[in-house]
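You will see two complexes here that share subunit A, one where it goes with subunit B and one where it goes with subunit C.
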Partner chain A sequence: MAPSANVEGELAPAQDIESSEKPLENGAKEQVVPATSEDITAPKGKAKTANGAQQKGKPSEGSKDGKPSGKELKEKAKAEKAARRAQQKGRQPGQQGQPIVDLGPEKQKNADTRRPSVAGPAPTTKIQHKRTGSASGGAQKPIQFRPVQAHAAPISEEPPKENKNVALFDHLYGNPRRNTVAGASKDVHPAVLALGLQMRNYMICGSSARCVATMLAFKRVIEAYITPPQNSLPRHLTTHLSSQIDYIVSCRPLSISMGNAIRWLKVKISEVDVTTEESEAKADLCNAIDSFITEKITVADQVIARRGIEKIRDGDVILTYAKSSIVQQTLVEAFRQGRKFKVIVVDSRPLFEGKNLARALTDLGLEAQYSLTHGISHVIKDATKVFLGAHAMMSNGRLYSRVGTALVAMTAKEADVPVIVCCESIKYTEKVALDSFVHNEVAPPEELITQGETSSPLSKWLDVPNLQLLNLMYDLTPAEYISMVIDESGYLPPSSVPFMQRLSLNT
Partner chain B sequence: MAVSSNNSMPTPTPEEPSITSHSNGSPPFDIVKTYNELCRTDPLLTHPIAAIEALISLLAASPVDTISETLSLLSTATTALKSSVSNPIALSAGTDLFQRYIISTLQQRSSQDAKGRSRRNLAGGTEDFRAVLAHLLANSRLFVQRANEARGKIASVARKFVRDGSTVLTCGRSRVVAAVLEATADENVRFQVIYAEDPLPSSPNSTNIVNNLRRKDVPVAVIPFAAMATVLSRADFILAGAESVVENGGVISSMGTYQMGLLAKSKGRPFYVVAESHKFVRVFPLDGGDLPIKGMGIEFSTENEEGKGMHEEGRRKERDLCVEFTPPELITAIVTENGVQTPSAVSEELIKIWY
Partner chain C sequence: MPGSTGILAPGLTTFKRSVRSKGVSVESSIDNLISLLKRRQIRDSRPCAIATAHLLRRVVETFKITDISRLIDRVQQIGQRLISAQPRELTTGNIVRRVLGVIREEVEEDREGEISGYSDAGTDSRPQTPREQDSRAPDYSALFPRSLTSSLLRHGEMDSKLEEIGDGRPQRPPLLTSQTSYAVTNTAPTVTSMFSLLSHPRSNVPSPTATPGSQSPGIHLSLTSQALANAGAVKDLKAEVVEGIQEILEELNQADDQIAGYALEHIHSNEVILTHTSSVTVQKFLLKAAARRKFTVVHAEAYPNNHEATHASVIGKAKGEPDDDLGSEVFQKTLTAAGVTVVLVPDSAVFALMSRVNKVILDTHAVLVNGDIVAAAGAKAIAKAAKLHCTPVVVLSGVYKLSPVYPFDPDALMENGDPSKVISYEDGDFVDKVEIENPLFDYVPVELVSLYITNLGGHAPSYLHCIIDDHYCAEDVDLDKSNAYR
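After this line comes the complex of A and B, so read on.
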């Protein structure tokens, strides 16, 4: 990160260094000559940036506190963070960039006093925001109108744009997903560049697939990596990876499994002995990544499939929702072993992942029935077991999976059909979630518009007043609806997930 | 294996010299017979413990020299034992536990030995194995003893649930339930018991809870099983025993427990299960049909049986369907010798044993 700042030397990088250095309480000397002091302060600066990147990784997963909470401290931290992010990503200057640039010098002034409680410029901007919102909302349109800090037009004379975000999920919107590789940091490896866009377009989709693809891309990053002079691999490679991760996040937020894998990789990198030859260290890391993928995903999937088959009996009707690679593997394996069963694939808009599953199963010769979610209460009567995939398992035993899963699980519970979740332990997280509102991912609402149909009623939704589209990616299934979780260590009740999560961390 | 037994020939062992021949030589040890004998002679012995005792006697009687020989002997005996009974789950709790225990002990010992002595000393190794085995057998007897003491511990924990003036509803012939209620009666707690009588004719060996409690001046009302729903509102809580406790916290126990659990849930009465922790077994049934128990299916027929009473068919089914599965959501708590646990804690206990 630091080297990139040096190259792009304009007003922005200097500001970046200054603002990032402040919390460190470094002396004024380093601020005066950042370029020369780089070598001396390298370790500190690096540790800091890595830290910052991690902090940043989290909110982008969904908990961006976008609400104008009124707390000045939060506001200030946010502005600081936004400014840093704007420079690191080299985002194209647009409407969103504007307020950040404005905030920069103000913050600097404010930072001299370093007292957030003093009435400085920051609160003023906040008040300004509020005023803009209430004034325009009240005067011109009788609709509910709430400006978001990023989207709010600073001048009230312009015709106010309607906020198309659904208010309840306002905190989840974040920055719009990246469409092109333009403006990506020059550090980002081509493999990662491609991967980000593939994930964005759902060409690589599914928690495990994304995790594997990310780790393979990082392997190539590591292979191509050369430690800059006067840096050590364990220290510098982590920051180098962080810029790759930032890029991926800008395309689509990280999945839980990716987060877990990246955390593992960072620990592995930090464990590399400084005295190791670089080529040797890189080879070791690549091997570690390979065995990680084999152990945590490939073999885990095989074991889970084997255990899942044991629960499929002749005459069963297996209902599944959308498409999970591990559920597909289980069903295909069971069919190959000669089990006689039927499959009902329940699917939903906008991704229609279940179509692929139904096609794959029928191609094999399995009897499959395809239905959309609105038919669930009907098809559940025929089902004897429900198999579900997972995006993540929370520490309170709840399942975080493709939106609609909770509905299927609830219906199954109501109909007394056992619900089985297949989930690799890499998808366990120590996070706890109680509802689907706090943590979630909002996909671009345009995906809801039926493709290929110009006369789709939704195609002009942006011009329709009072219309907001919500395209949530995930939902949360309560643990009571889940009869069993199958992971690579065996059958578990959902309540044992935190226990296994801790266990898999230790090994 | 053959090499090692040849090597062990010259070493003086206290056993018979029939080491070279495998277990088919010498009078064969009949594991099934031993197990049945143990169950018959000691009515207080649970199935898993009887299985463990049978396996210990098998090991003590069999000349084994290597770890793999021991393990293969154990696994064949276990398979024989399991196939001999209609419900192998209760038994497998014991055999699995014992196998696990043997493996972990042997691994520990052998890793210690590997550090201490050179690998080439084969004769010494065999002798050492015998020492390990002797130590193991002595320890496993201790293990059995502790398991038998568990019932007393459970009684001391569970009797706190029985308060002065409370009414307990129970059924079945669980030894742990009997122990709990008798211990409570000994504490001079004034309580009443409603006993739902099992329509199965009880074997003469089974403990008679009703008689024992009445002897201790505890008022007992005996009701037919069908009256359970009517009587339930009079009871404060339900106490049930279990044959096995499975991974999701559900229990496998005598017929009628599931009904009792369902009724207790619908009437809002706490449903406590008392069971020793050696009854925990690594089985995860999704429902009653998912159990590896013979004769759990029902058969439909359009033919009347000639010359037999109406109930003959049902009676026979009753004998076959001796156990059933009660799902964890009906169970308020499971009381083991380690204390009161929620059903979800069972899985964690099992993971701790197996990993």
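After this line comes the complex of A and C, so read on.
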């Protein structure tokens, strides 16, 4: 683990997090906290020095020959860039291979075992099911996890030569996602530090799973929180939380459900009476968070699953897209209740979430068919119902979900197959959108590079001028493709979503 | 036994080499192509078309013509074998039909020449020896016992009819002649071909409405003797047929460039063009426009069947298969190098992007007579999404891909690919339990297509059948079923 070269220096922070989290699952929480922070600060320096050395190298090289003409300078820059590329490429396989091979199965175990411990008092079975779903469920699937090493480092050290952002989505590009905990504010709680990276690497993925994980992490933040002197808890805790949220956003933008939950939490905090004892107030908040999770997600999921099962008849062929925890729960429950049906999972690049769903279902003994987006117009012929999960439901009744959902819903509509969306009310938002450009998330384009046994031609994409890779996360499905939305209050048409959203705000 | 060189992996190049070499008999070349088609070592429209044309040229060259109708039978016979070897490659059948058309046309021209009196008939005809007939086509006479006289009569009538429809049969340079022929013959031929479209190709022969050729029945009746056919300048005829096939081959080579010639009409500055899979035709089309205009191309990668080629095409590395003669010319220049912004996206993002796309340009595997197309899997969803956003869908297709086949059973044209591309066999336990679907093609109905661009120009979907009528003799349409009728 001791970083011997630059390469490892960049790797170190992430690995340290991993290693430092292993004790965490053993339950030695108190000890872990300081250990993590130490580990975190140590590599920060190293990374900095590494960067510094590289940066120093550049100007000295450039200034060697007295007055280079503009053209020469350009050529020089080009050559330099090529050399840097070559160097990077040389180390990339090692970087990518190492964490995947080493940490792959180990990480799985971590993920599985850690979760219950984090889950706290909420009913563990539910939480476990929900949250293991997106990350675990198979032996090895290297594609699922983004390589932990730094992609952003090479990008940031490069002269911003060509803007690789797709112009159409320029408004959606934020800062490049954070790769390490280095540089995070010192206020950020270790649980949040870890959570941010887990979200970034899609280990915690899916709207409700991220929401639950965030709330649990914030519970620990509140537990560890001590109001500074001359401050009151309702005032200061909100700002303290904000720095945590900033960190999470820098890892991956918040999901709609997270936004809703955080808004709720902030209201709760501001409602705390200044005169209450701090410990009491904290306990109240923690209880409120627990009951929030139970009510809005755990129980809501059970209710939705029960309603969903009613829509599954014997002999049905259920088509679903990618992986939604609530759809998975519905299908599994229906299977447990003895319904006889078949599932078609349609999946897409680059996350291949559906593979985990299909694997989980076939492991149970369900009959499943698996295809990718390209086969949608073929597999829809066999389907009798389409079940979709949601990232969010917009106020104009449109479904905001994993990119590709709209294609599936469109194809289903054309084939006269009913499209049923399972969505907890926490995912309703008052935002409206007409197309996928309004709200979206652009994931790092490097994820699109196929990691086969042979190196993909795309690995050189940064060198090709005018070439852009676009890795959208979500798309917007028009309301007319959706036959029905199931939420915890019942079956509704998509046009009722804004009313339900208002109702859910009032409760 | 099939005379492949054994150095390269068997494919189009090796086949072309072996079919040219004198040492390989025609029969073994036929067998070779059939097995290549069956093993899918020659696949996709263009390679199949090229291979078929090369084979048929060899067949015609080596055929000892004593009687032209025997050559037609022979080509039909080979065509049936090729089609049954790989019924999903419709271009094979298309090329066979066009070669048949060439032969019929030559016969017709020859005959007309005789009538007008300047024939060089009989100067060089080979004596019709029974030995030759037996050795070359032993079974065919048995298979097709119809009388030569009647067949000649029928061909004559048919040909004269089709000739009036627009002498748009294959051997002329496609672009020029069809336009001129239309200019000359005006609207009447369109009407005729509409009639003939509805009627059965066989039954329409005697029908008076469909035969403008009935104005000259006397000529044909005077021609019906076998002697006359034999007396025709057989060798010249053969040379002309070979020349006709050569022109088909040239058309195959030029089609993409000719299609690209229409690019500037359809792509304008600052447009956003969406395309799907890697295709030389589309690539050339866009490159041609890129020389003059700046636009953006959104390229869906067609995972998992064609994404490697798509990636290679946007990056600019030539495909790793030098065994195709496509390989050398493919992707010599990338769109990005031509100054076009290329955005590579996964297939799933198509719907999200469609609201900003101005035009969808699709390559196709085959175009059927009603305008439906068989294209790479995923194309239907893309076309549908385009339709919903009122984005025009333009299909690029060489005329050789237009097939006179009516899709009574579209599923028969579909094909499934390698499931390990979807889930690799490393996931053994998972593969055991799950059913994997990896279709290669999508069937895109004509309603989703706004425009077809062939090497003859742009066509409305409803107009396609006219082009098909121009290029294929009505007699040859149900080529693969001709056995059943006799």
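Simple rule for what comes next: the second predicted complex is superposed on the first by the 344 of 507 C-alpha atoms of A that agree within 3 Å, B and C clash if a C-alpha of one lies under 4 Å from a C-alpha of the other, contacts with A are read in each partner's own complex, and residues count from 1 in each chain.
Just so it is clear, a contact is a pair of C-beta atoms (placed from the backbone, for glycine too) under 8 Å apart; a residue touches a chain by one contact, two chains touch by 3 or more.
In this text the structure is predicted, and so the values were computed from the model without any measurement.
Enquirer: With both structures lined up on subunit A, is it a clash or a fit for subunit B and subunit C?
Expert: Superposition check on subunit A shows subunit B and subunit C fit without a clash.
Enquirer: Taking the superposition on A as described, I'd like to know which of subunit B and subunit C A:216 touches: first, second, both or neither.
Expert: neither
Enquirer: In the superposed arrangement, which partner chain does A:489 touch: subunit B (first), subunit C (second), both, or neither?
Expert: A:489: touches subunit B, not subunit C.
Enquirer: Going by the contact rule stated at the top, is it subunit B or subunit C that touches a larger number of residues on subunit A?
Expert: The partner with more contacted residues on subunit A is C.
Enquirer: Which partner does A:448 reach: the first (subunit B), the second (subunit C), both, or neither?
Expert: In the superposed model, A:448 contacts subunit C only, not subunit B.
Enquirer: A:360 contacts which: subunit B (first), subunit C (second), both, neither?
Expert: neither
Enquirer: Mind working out whether A:311 is in touch with subunit B, subunit C, both or neither, as first, second, both or neither?
Expert: first
Enquirer: Answer with first, second, both or neither: which of subunit B and subunit C does A:181 touch in the superposed model?
Expert: neither
Enquirer: With the two complexes overlaid on chain A, what is the closest approach of subunit B to subunit C, counting only CA atoms, in Å?
Expert: Distance of closest C-alpha approach: 17 Å.
Enquirer: From the superposed pair, tell me which subunit A residues show up as contacts to subunit B and also as contacts to subunit C.
Expert: None.
Enquirer: Show which residues of subunit B lie in contact with subunit A when the two form their complex.
Expert: For this pair, the touching residues of subunit B are 247-249, 282, 284, 286-287, 290, 328-329, 344, 347-348, 351, 355.
Enquirer: Can you tell me which positions in subunit C touch subunit A when the two form their complex?
Expert: 272, 296, 301-305, 307-308, 311-312, 314-317, 334-337, 339-353, 355-356, 376-378, 380-381, 384-385, 388, 414, 422-423, 427, 429-430, 433-439, 442
Enquirer: For the complex, give me every residue of subunit A touching subunit B.
Expert: Spelled out, the residues of subunit A in touch with subunit B are 311, 385, 418, 420, 480, 483-484, 489-493, 495-496, 499-500, 503.
Enquirer: Considering only the defined contacts, which subunit A positions touch subunit C in the complex?
Expert: 138-139, 166-168, 348-350, 355, 358-359, 362-363, 367-379, 402-404, 406-407, 410-411, 414, 435-437, 440, 448, 450, 456-458, 460-461, 464-472, 474-476
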